[in-house]
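In the two assemblies presented below, subunit A is common to both, partnered first by subunit B and then by subunit C.
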Partner chain A sequence: MARMKFLCDAERCIECNGCVTACKNTNDVPWGVNRRRVVTVNDGVIGAEKSISVACMHCSDAPCMAVCPVDCFYRTEEGVVLHDKDLCIGCGYCFYACPFGAPQFPQAGAFGLRGKMDKCTFCAGGPEKDNSEAEFKKYGENRLAMGKLPACAEMCSTKALLGGDGDVISEIYRQRVLKRGRASDALWGWSTAYGAPPKQGATK
Partner chain B sequence: MRKLADFFGVLAAAVMLAAAAPALSQQPPPTGPAAQAEREMVQPGNNAPVWRDVRSGAPGYTTVQGIETGVLVQSRGQTWREARVPIAFWGGLLVAVALAGLAVFYAIRGSMGDVEKPGARMIRRFSPADRYAHWLLAISWTVLAVTGLIISFGKDLLLPVIGYTLFSWLAILSKGLHNFVGPILIIAVPWMFFQYVRDNGISAADFKWFGNIFGYFRGKETPSKRFNAGEKLVFWVVLTILTTILVITGLVLNFPNYGQGRSAMQNASMIHMVAAYIAMALAAVHIYLGTLGVRGAYRAMRFGEVSEHWAEHHHKLWYDEVKAGKARQKFADEVEKPATGEARTQTS
Partner chain C sequence: MSAPRTVIVAAFVAVASLGLAGCGENQQVTVYKQGKYQGKPDTKPWDSPEYGGDQAKWERAIETRTQGQNEYVRIGG
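Coming up: the complex of A and B.
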């Protein structure tokens, strides 16, 4: 059985926020919630800037699941961490526990009162019938049930964000790292955009 | 023996590591943009400085608006997750032991104090303001304690019995009540404090009273003024210290839209839990003694009046003051208007 994971290649991410937009559009995400976001470290520093797209990491030992007072989380056979919005009470415990800031709460009333928690579903919907109207309203599209991968990863223009079976995507990433080797200027700068300078010849 | 040897082995290793630490830490691992830019040149593909920055929780840049959206990894949630397990276990045990202890005590000892005879001369122990302040606090506090316990222990104790749907409904109700009743304490706690602080001064006599705590539970009380040392303990520890802490930490948790970050909420949550369990265990004793435990105590707070006999038995020094006319509290027949119309048991 596949074990679904996200992997973001920091060498490839160009901070286009295509994944963020794809997610919001595909899943009709509630106002004020971003299931995915792109964070840039060392922004504007040449040679040091790296961008990483982050969402729910679908942890094997998920802190949200451990601390939920109504036990509304469950893990699918494919390792996707989902939750039941009908049971969720909006207490915020998952938000305290999660290191990635994945669980978010649409404001449900005055004084910042928390509504039902919303987070990335790995485009796998919720406990309702696959791709039913109720499921879409609460969780968004169930692309896994359609045989597709998460919209963010499929939409990624540089294929920096990989989503899918952990074994498969880590193998893809491993191949990339091997190919890159230690080539200094193949990673960023002129040659990334326009190819290696003609006479020097690119090192492997 | 084997375990002891292991222990000393670990200890020796730890001492050696500690001694070696300054030497190891002379070159801290490089972090920051300059280190990464350098690393990119000398060791391309090795982004260790960036990942160290990510791991430190320092915020990066993001277009997504919100609190801490630039933080990729916030580690303190793990501390919170781990801390709440022992806090809930020992705190829950403390409350359970307090409740069980009171149940056993009640089974053995029953209600303390003499059965009141009708027609006794009454003393106006609590003014209407005293009582309103107390009941505003007491009712809010009890609702908060019960809903807090449901949220904390319902998953383990109620959910397996009543099922997911019903428990979720109960938990939503509990969360709503907890969040909306909580802010009432912003008014109730200071009101209660200023209403009662005059008679809650601590003196050496209070320590004497605590020295005779077992005598108290056997019905041989050390004479006290208007409030005995146990009541003063509830006033200072439960109300003034713990409930104030609970109100402050509760407000941090209750209003997530004032820009406080996760670590503030995680810290507030841990303090809230510790304070709540201690306060609940102490308050359980106070509530027991005020209702089932001592005859006439509930009537005092409900209707404001106690009999002469009750006052002499439970608060001898205060009774002497009332008799001498030195106390602020008077005999009911010396006061013109009744405290509350329906409350006058001796006139009916």
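Coming up: the complex of A and C.
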């Protein structure tokens, strides 16, 4: 059985925010809620700027599930972490626990009242009848039930953002890195990710 | 037993049973079991009308879509 995961290739992401737009449009995400966003480091620094698209990573051992006081989270057979909005009390514990800032809370009232948690569903809906009005209203589109992958990954113009079975997308990424053919970091691009190796004879 | 007496006894029994039913204390709050999902059950993606429970067909569709993200497969490389 597949373990659904996202993988973002920072070498390819061009910060177009196409993934963010695709997510917003597909799931009719309310104003002020960002299920997905693009994070850029070294913005404007030529040659050093890197962007990465971030959302819920559907962790195998999800901290949000561990801290939820009402246990409204569940993991599907495909490894997608979802939650029941009818049970959520909007306490915000999951937001503090999540290392990616994935849980979002819509403003539910005039005085900044926190609504029920909303997050990326890997376009897998939630505990309602597949692609029913109730499911769309609460969780967005259930593309997995249609045999499709998340809209963000499928809409990515440079295919920087990959979504699907973790083993399959890791293999796609591995092929890419091999094709790029960097001399010093032939396999996984470690020097790209963690900085260039120190020069010969350089002092620390 | 006369008819009016039967009616009175029947009425008493009915009122008593209703009254006793009111004494029953049913659980009216959610009982949380630590670490166990408490929400509604969800269906499998292959149980949708498109796939009608055919898991293998759904997995093939997802595999095709996933490989569609690999341009070395899609357009050759």
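Heads up, the rule we're going with is that the second predicted complex is superposed on the first by the 180 of 204 C-alpha atoms of A that agree within 3 Å, B and C clash if a C-alpha of one lies under 4 Å from a C-alpha of the other, contacts with A are read in each partner's own complex, and residues count from 1 in each chain.
Assume a residue touches a chain if its C-beta (ideal position, glycine included) is under 8 Å from a C-beta of that chain, and two chains touch if they have at least 3 such contacts.
Predicted model, so just to flag it, every value in this text is computed and none were measured.
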item	value
Touched partner set for A:87, first subunit B, second subunit C, both or neither	both
Partner chain in contact with A:29 - subunit B first, subunit C second, else both or neither	neither
Subunit B versus subunit C as contact partner of A:111, first or second or both or neither	first
Which superposed partner A:55 touches (first subunit B, second subunit C, both, neither)	neither
Which superposed partner A:165 touches (first subunit B, second subunit C, both, neither)	second
Which of subunit B and subunit C A:71 touches, first, second, both or neither	both
Partner touching more residues of subunit A, whether subunit B or subunit C	B
Residues of subunit A that lie at the interface with subunit B and also at the interface with subunit C	69-72, 86-87
Complex contacts: residues of subunit A adjacent to subunit C	2, 69-74, 76-78, 82-84, 86-87, 124-131, 142, 144-149, 153-154, 159, 162-165, 168-169, 172, 175-176, 179
Subunit A - residues contacting subunit B, complex	10-11, 17, 20, 32, 34, 37-43, 45-48, 50, 52, 54, 63, 66-72, 86-92, 95-101, 105, 107, 111-114, 177, 180-184, 186-188
Residues of subunit B touching subunit A in the complex	32-34, 36-37, 40-41, 43-45, 47, 49-50, 53-54, 59-64, 66, 68-75, 77-78, 80-81, 84, 151-152, 154-155, 159, 164-165, 167-168, 171-172, 174-175, 179, 253-258, 262, 265-266, 269
Subunit A-facing residues of subunit C, complex	30, 32-51, 58-59, 61-63, 65-72, 77
